[in-house]
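Pasting the structures in now, so scroll down.
The following pair of complexes shares a single chain, subunit A, combined with subunit B in the former and subunit C in the latter.
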Partner chain A sequence: MKIRGRKDFRGLLWILPSLLGVSVLYLLPYLDVFRRSFTGAVEEQFTGLDNYRNVLGNTAFLLAVKNTFLFTLVCIPILISAALLCAVLLFGSKYGGILKSAFLMPMALPAVSVALLWRLLFHSQGLVNQWLVWFGTGESDWMNTGKAFWILVAGYIWKNLGYDIILWMAGLSGISESIYEAARVDGAGGWQCFLRITLPNLKSSLYTITVLSFLNSFKVFREVYLVAGDYPHESIYMMQHLFNNWFQSFSFDKLSAAAVMEGGVLLLVILLLQKIWRTD
Partner chain B sequence: MYLRLHLGRKAIWIILIVLALMAVYPVIFLSVGSLMGADELEDSLGAVVSGTEGYVSFPILPKYPTLQHFAEVLLDSPEFFVMFWNSILITFGVLGGQFVVGTMAAWGFARYDFPCRRGIFLVYIILMLLPFQVLMLSDYLLLDRLLLLDSLWAIILPGMFSTFPVFIMYRFFAEIPDSLIESARLDGAREWQLLWYIALPMGSSGIIAALVLGFLEYWSLIEQPLSFIKDKSKLPLSVFLPDITITDKAGFMFAVSVITFLPAIMVFMGGRDYLEQGIMAGAVKE
Partner chain C sequence: MKYKSFQRKVCILFSVVLILGSLAGCEKKGTAGNMGSAEEEDVSGRAMGRYMEEELSLPADFSSIYDMKKLEDGSIRMAGCSEDRESVWESKDSGISWEKVYDFPDEIQDNVRYTAVSPGGRIACAYDESRDTDMKEIFYMIEPDGSFGRIPFELPQAEGVNMNLVMQILFVGNEQILIGDAQGIFHLVNAADGSVVRTFEFGSSGKLYLAVAMGKMLLFQSDSEILLYDSETGERKNTGEAMQNGITESGMLRAADTLDVGESIYYVTEQGMYHYRFGGSVVEQLIDGGLNSLGSSSVYVNTLLMLDEGNLLVAESHTNEDAKSKAGLLKFTYSADTPSKPDKELKVYSLYENDSIRQAVSRFQKEHADVYVHFEAALSGEDGMTVSDALKTLTTEIMAGKGPDVLVLDGMPVETYAEKGILRDLSSVIEENKEKYFEDVRNAYRNKQGELCAVPTRFLIPMVQAGSAYYVPDEDFNTFMERAGVLNNMEPKEAVSRFWYSSSAAWRKEDKTLDESRVKEFFGKLKQAYGEPAAPAEENEDSATAGSAQPNRLAEDDIIRGEFKMLEGSWNVSAGLFGTNPDYALLLAVTEQLESGNFGCMPGQAEHVFVPSVTVGISSKGSQPETAEQFVKYLFSGEMQKISQGSGLPVQKEAFRSIIDGHQYEGNTSQVDLEEISFSLVPRTEEEIQKLMGLAESLKTPALQDEVIREAVLEQGEKVLKGEAAPEEAAEAVTQKVNLYLAE
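Let's turn to the complex of A and B:
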């Protein structure tokens, strides 16, 4: 018992610096925000659930939530299936390595560098409109209409495709070759192998990639910033914009309630991910 | 690949190659633009930059390549150097801290059993997956109390204690065979020697993977500096938003964009394999 106790103590020693930092920098301040979410903005008296009511009735909040969910619903299926297709094609092919690196490159590019290109592409007199004119179709004002949403979708997929391809390929490498060989001996064709062997075996990868992509879609601010700078069209007004605005105007009462709610929802999603990881 | 998609194999490969070209296009585009002379840029980009009629056009290669814009950035703009230096300080400050604090914590989680280990680790995973916006107010209030707002520490300090590298390194440390560590213990190795002589060399690819991912993250930081730093002289390069509507400045902006992405691309090229391993390690179950 004594030896065991000493061992435990040593393990804690190793994580102690990190744990102290995490507690002081993240956990305790978040508890403080939790407390604040029940108090008024100026004189800190208890106001019950008022802040939560204010936030849930706030049109900007509802817009940001709506946009975020809409964005998630559109992006994730496209991103995940496009990445799966690319991964299956690249997996085990001779040139897969080079192309995979090419797809990953956007991950490395700082958003500000790309912002310049993005603005020249989608300006009303920009490159994309020039190409459209060449093709004989009409031009669009990309950034100041609802089309901005689709530009953001494209930007998000452009940035995250390589990441998801890597995750799918990791899943593919976990399927043993012998299953395919056995199936081919039995006369299964390429599509049959894909539908009956590849897809079912990728189920747990699918869960993981979906949840991670969902969580990442809350981090889409960098891409929005890349697309539209500080003042985007309302179709791409995301949570981070709302939080920034409340932050600038010192509306810490609303901000704390919103942070607690978003944290709570994401916590549930993360625990779900944990459950998936545990059960398979 | 074992499964043969007979339907237009070549067509599919062409689409893949086009997509891959789109992925790398910004690097090419910005490099070409940074080498074009001011007149050529004005001709190509006049429609956006100075509001002339027509549309932007862009050549595949510059007609008369020149380094004048790089010279302008590097020789005549001290504010650029300040931002570049801030980026360096932030990135290496964070990575240095993550290396020291993170390896120790990852080693503790991977190799020791202690009370609440699973619970604490779950908290780490949750923190790693939460977006910045959830922790933004709590970060701000703390930094305000510590009087660290408007200093580089406002970014470095929380970054050092990020739980993401701990998770990545944990996965690599956990794969080191038990027998090796047990035999080292039997030979009388002290605990810190196990970390120094076994974990660091054998888990090096995990450590490098975490550092590569960390570099790309902190070199491109946007939300944190925008929220916590008002003083312009403390801002990093990653929030240097190009204003393309200023005439004569287009070439300068291209050069700044290239210099901004160059370190990230170099780390990416050198660390591709580690980057892939890191991405996979961040998504595999605990």
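Let's turn to the complex of A and C:
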């Protein structure tokens, strides 16, 4: 027991610098945000739960929540499935290494370059519309209609696919070849091997990939902001737009209340995911 | 086992080094800052010593001071133009009092172009001898006793052009003059016989050079280089890298002088006065232009005269139309007991560059020696910063307690700032005075609780001007827009942009959302007047700039642009803002030229609309509330209101009148001949003055000033006029986008 306690203490020492950093840079400011969520915007007089009531009755907030939720719900399953499919295909291919790097390229591109590319492609007088005119079909104002949402989804998947492929491939490489050999000796086919061996062994990777993809989905704001500014089409108006605009207009009361609620929801989701995996 | 233990130790050591390294990095920065302040505190607690400015009174009204020099006996000799006579003056008490020595001989009055004074009291001048023919310049020398004679020198004929002109003239010692010509060549001429001692040429780069003489040394400056020559040998000397770099940072040299034979230089730029010893490694700033008139955009320094190390005179000319004398003399005296920087720092913040505020800062500072006013215009246009970026930075600074004291709110969300408590109530600062001010304009931002958190110091009037076939004063929006051809040849976006001001004020409902039916009506009426779109023209300059979010957006909608389009016959109606360039003479002249022409308030869905401009507020988080109040009050003073710098019309009635009444042409009338129109610059009649005064008095409704709404309306309005969207469709798109913004 004594030795175990000493080991635990040593472990704590190793994470101490990181814990200190997280506490100073994230936890303490978050506590201040929590305090501010019960006070006025600038004068900081106590307002009780008014800020929460205002935020929950705010149509811009509800729209941003809806869009963010919808975006996550659509993107994450598509991204995880597509990345798994690509990872499985690449894992068995002799060109896997090269293709893996190619998939990672979008991740290395700066957000500004991606935004410029989007503008070039999807502006009302952009390349996509020019191509459509050549093909004789109608033009579309891509970023100012509901289509903007699907452009955003495609952009997010394009950018994050490579990263998720790498994570899946790491998971795949952890599965022992002898299990597959034993299954094949017992007469299992490729599909059965995938369902009965590959998928169950990738459960632990799935948790990590889901959480990371979920967190990465919030970073898509950078590109949207650079392409469409503070007020994009309402289908791609995300939580970060609202936070950004509230900050600019000194609405720290609403900003704090919304941030506390969002933080709470995120924590709940992550704990829930963790519980599901542990139960399994 | 031993290896593992070694590996563990190396890892621990590496981690410790990394942590300490990062902490040491932080510490280093902090120490540097502390050291800097400690050094200052070690001396006396604060740095002392500053040159204090004093405006010297002149014996007459001067339109220009050409040059001045300190003579060997200690007196100062000055050449200038006072009361339409070129004359020479002398002061024996360092500029306090002046006596006229002589007028220029009658033979060379009126047409003197350039004049220089020598340290011996001689005057050299370039005189235009032409008699309504091509310009012919000859040179005269006036001796200290007033006798004069011609200098037998003529500029050589220039290659490829009809004539060569003098661009600059200055003395080198008492016997030689340096004459710069339009070809960029400087001729060092012996004044006695007109012989050319040597010439200075700097290649055919086309750069303009300015010369300064310091003893026997000559300094030539272009926008990119400084060259130093010995006038006796013609040899080029090394100026030193420090001065080259210093000039790059502080701007072009405006005037210079020396206290020795040319080993060092004192020079003035727009940022202040500097001292440099040639070949040295440091340029020393002696006077910070930000603390006095040297940094004012309305003051131009002509001559610097160093009396000694602690005293200097500056001859300046200024753009203040109301001042009787257009030239002045400033004396700077070193005061060792005054802190080098004033104790109080007042921060004034604006998104855009603003000349009116810059002048106010300079003058306020001059009157309050204990205050340093720091003016920041966030959007310089050089760093790619957007309005959104600037506002976020401002939010951070204000919340960190480091924000500005006074905010120039043009382009900022005024109502939001007032609601959030960022702006102080100015009701007690701005006293109501309907006799003195256009109070409806000053109360543009007074809320229902009676609080006044922001006050416009200037305003613009949305106007239309046309012949009776297209416009009848006081008619409503519907009648005006039903006339065929009122928007003829206007670019779609430009038409929406110009008529936005008079209608947008009627769109906000009680709950602050946008009234979709009124937006639809606006688009519908514009479309009705615009008719079918013409064949897509090539994108011209006007259409490209119309409706942009540039800081000079208001200037782009200036009615003058429309006036010229109307004179060209391209537009039937000129619509736009009157006030960015308040040229009432032109407005009247164009009206006269039209068939039964007239002008008046722009018809729109709202009536009697004005556009608030240079709106100011005081930050509730500022550290200098009293000084901020003083500054805001100063902006409403007659002195400041009378300055016309393109930001709008003054809210003070007397200043408004003085800007439009043409008093400056009293006994000084002239004729303006443009390609499209000719008119006289004369004082306006009382009837003409009262017409515009009455129009300004009638203004009641502030235009909607919200860039997000405006951008959405321009975007959709353009589509309507181009036939790409129906009015109802466009109005729905606007309200959908804007209501999301308003819901935040």
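What we mean here is this: the second predicted complex is superposed on the first by the 225 of 280 C-alpha atoms of A that agree within 3 Å, B and C clash if a C-alpha of one lies under 4 Å from a C-alpha of the other, contacts with A are read in each partner's own complex, and residues count from 1 in each chain.
In this section, a contact is a pair of C-beta atoms (placed from the backbone, for glycine too) under 8 Å apart; a residue touches a chain by one contact, two chains touch by 3 or more.
All values derive from a computational prediction rather than experimental measurement.
Enquirer: Output check: A:Phe250 vs subunit B and subunit C. Expected answer is one of first, second, both, neither. What do you get?
Expert: So A:Phe250 only meets subunit C here.
Enquirer: Of subunit B and subunit C, which one touches more residues of subunit A?
Expert: B
Enquirer: Once the structures are superposed on A, label A:Gln274 by its partner contacts, choosing first (subunit B), second (subunit C), both or neither.
Expert: Once the two structures are laid over each other on A, A:Gln274 reaches subunit B alone.
Enquirer: Could you tell me if A:Leu215 is touching subunit B, subunit C, both of them or neither one (first, second, both, neither)?
Expert: In the superposition, A:Leu215 contacts subunit B only.
Enquirer: Between subunit B (first) and subunit C (second), which does A:Asn58 come into contact with in this model arrangement: first, second, both, or neither?
Expert: It touches subunit C, and subunit B stays clear.
Enquirer: Where does A:Pro17 make contact in the superposed view: on subunit B (first), on subunit C (second), on both, or on neither?
Expert: both
Enquirer: Could you say whether A:Leu104 touches subunit B, subunit C, both of them, or neither, answering first, second, both or neither?
Expert: Only subunit B is touched by A:Leu104; subunit C is not.
Enquirer: In the superposed arrangement, does A:Ala41 touch subunit B (first), subunit C (second), both or neither?
Expert: second
Enquirer: For subunit A, what residues appear in both contact lists, the one with subunit B and the one with subunit C?
Expert: Common to the two interfaces on subunit A: residues 17, 229, 244, 247, 252.
Enquirer: Considering only the defined contacts, which subunit A positions touch subunit C in the complex?
Expert: Touch residues, subunit A against subunit C: 17, 40-43, 58-60, 63, 229-231, 234, 237, 242, 244-252.
Enquirer: Considering the complex alone, what residue numbers of subunit C touch subunit A?
Expert: So the residues of subunit C in touch with subunit A come to 15, 19, 388, 391-392, 395, 398-399, 413, 416-417, 420-422, 620-621, 708, 736-737, 740-741, 743-744.
Enquirer: Going by the contact rule at the top, pick out the subunit A residues touching subunit B in the complex.
Expert: 7-15, 17-19, 21-22, 24-30, 32-33, 86, 88-93, 99-117, 119-120, 123, 125-127, 129-130, 133, 158, 161-163, 166-167, 170, 177, 180-181, 184, 189-191, 193-194, 198, 208-209, 212, 215, 218-219, 221-222, 225, 229, 239-240, 243-244, 247, 252, 255-256, 259, 262-263, 266-267, 270, 273-274, 276-278, 280
Enquirer: Inside the complex, what are the residues of subunit B that reach subunit A?
Expert: 1-6, 12-13, 16-17, 19-27, 29-30, 33, 45, 47-48, 54-58, 100-102, 104-105, 107-109, 111-115, 117, 120, 122-127, 129-142, 157-158, 160-161, 163, 166, 191, 195, 216, 219-220, 222-223, 226-227, 237-242, 244, 253-254, 257-258, 260-261, 264-265, 267-268, 272, 275-276, 279-280, 283-286
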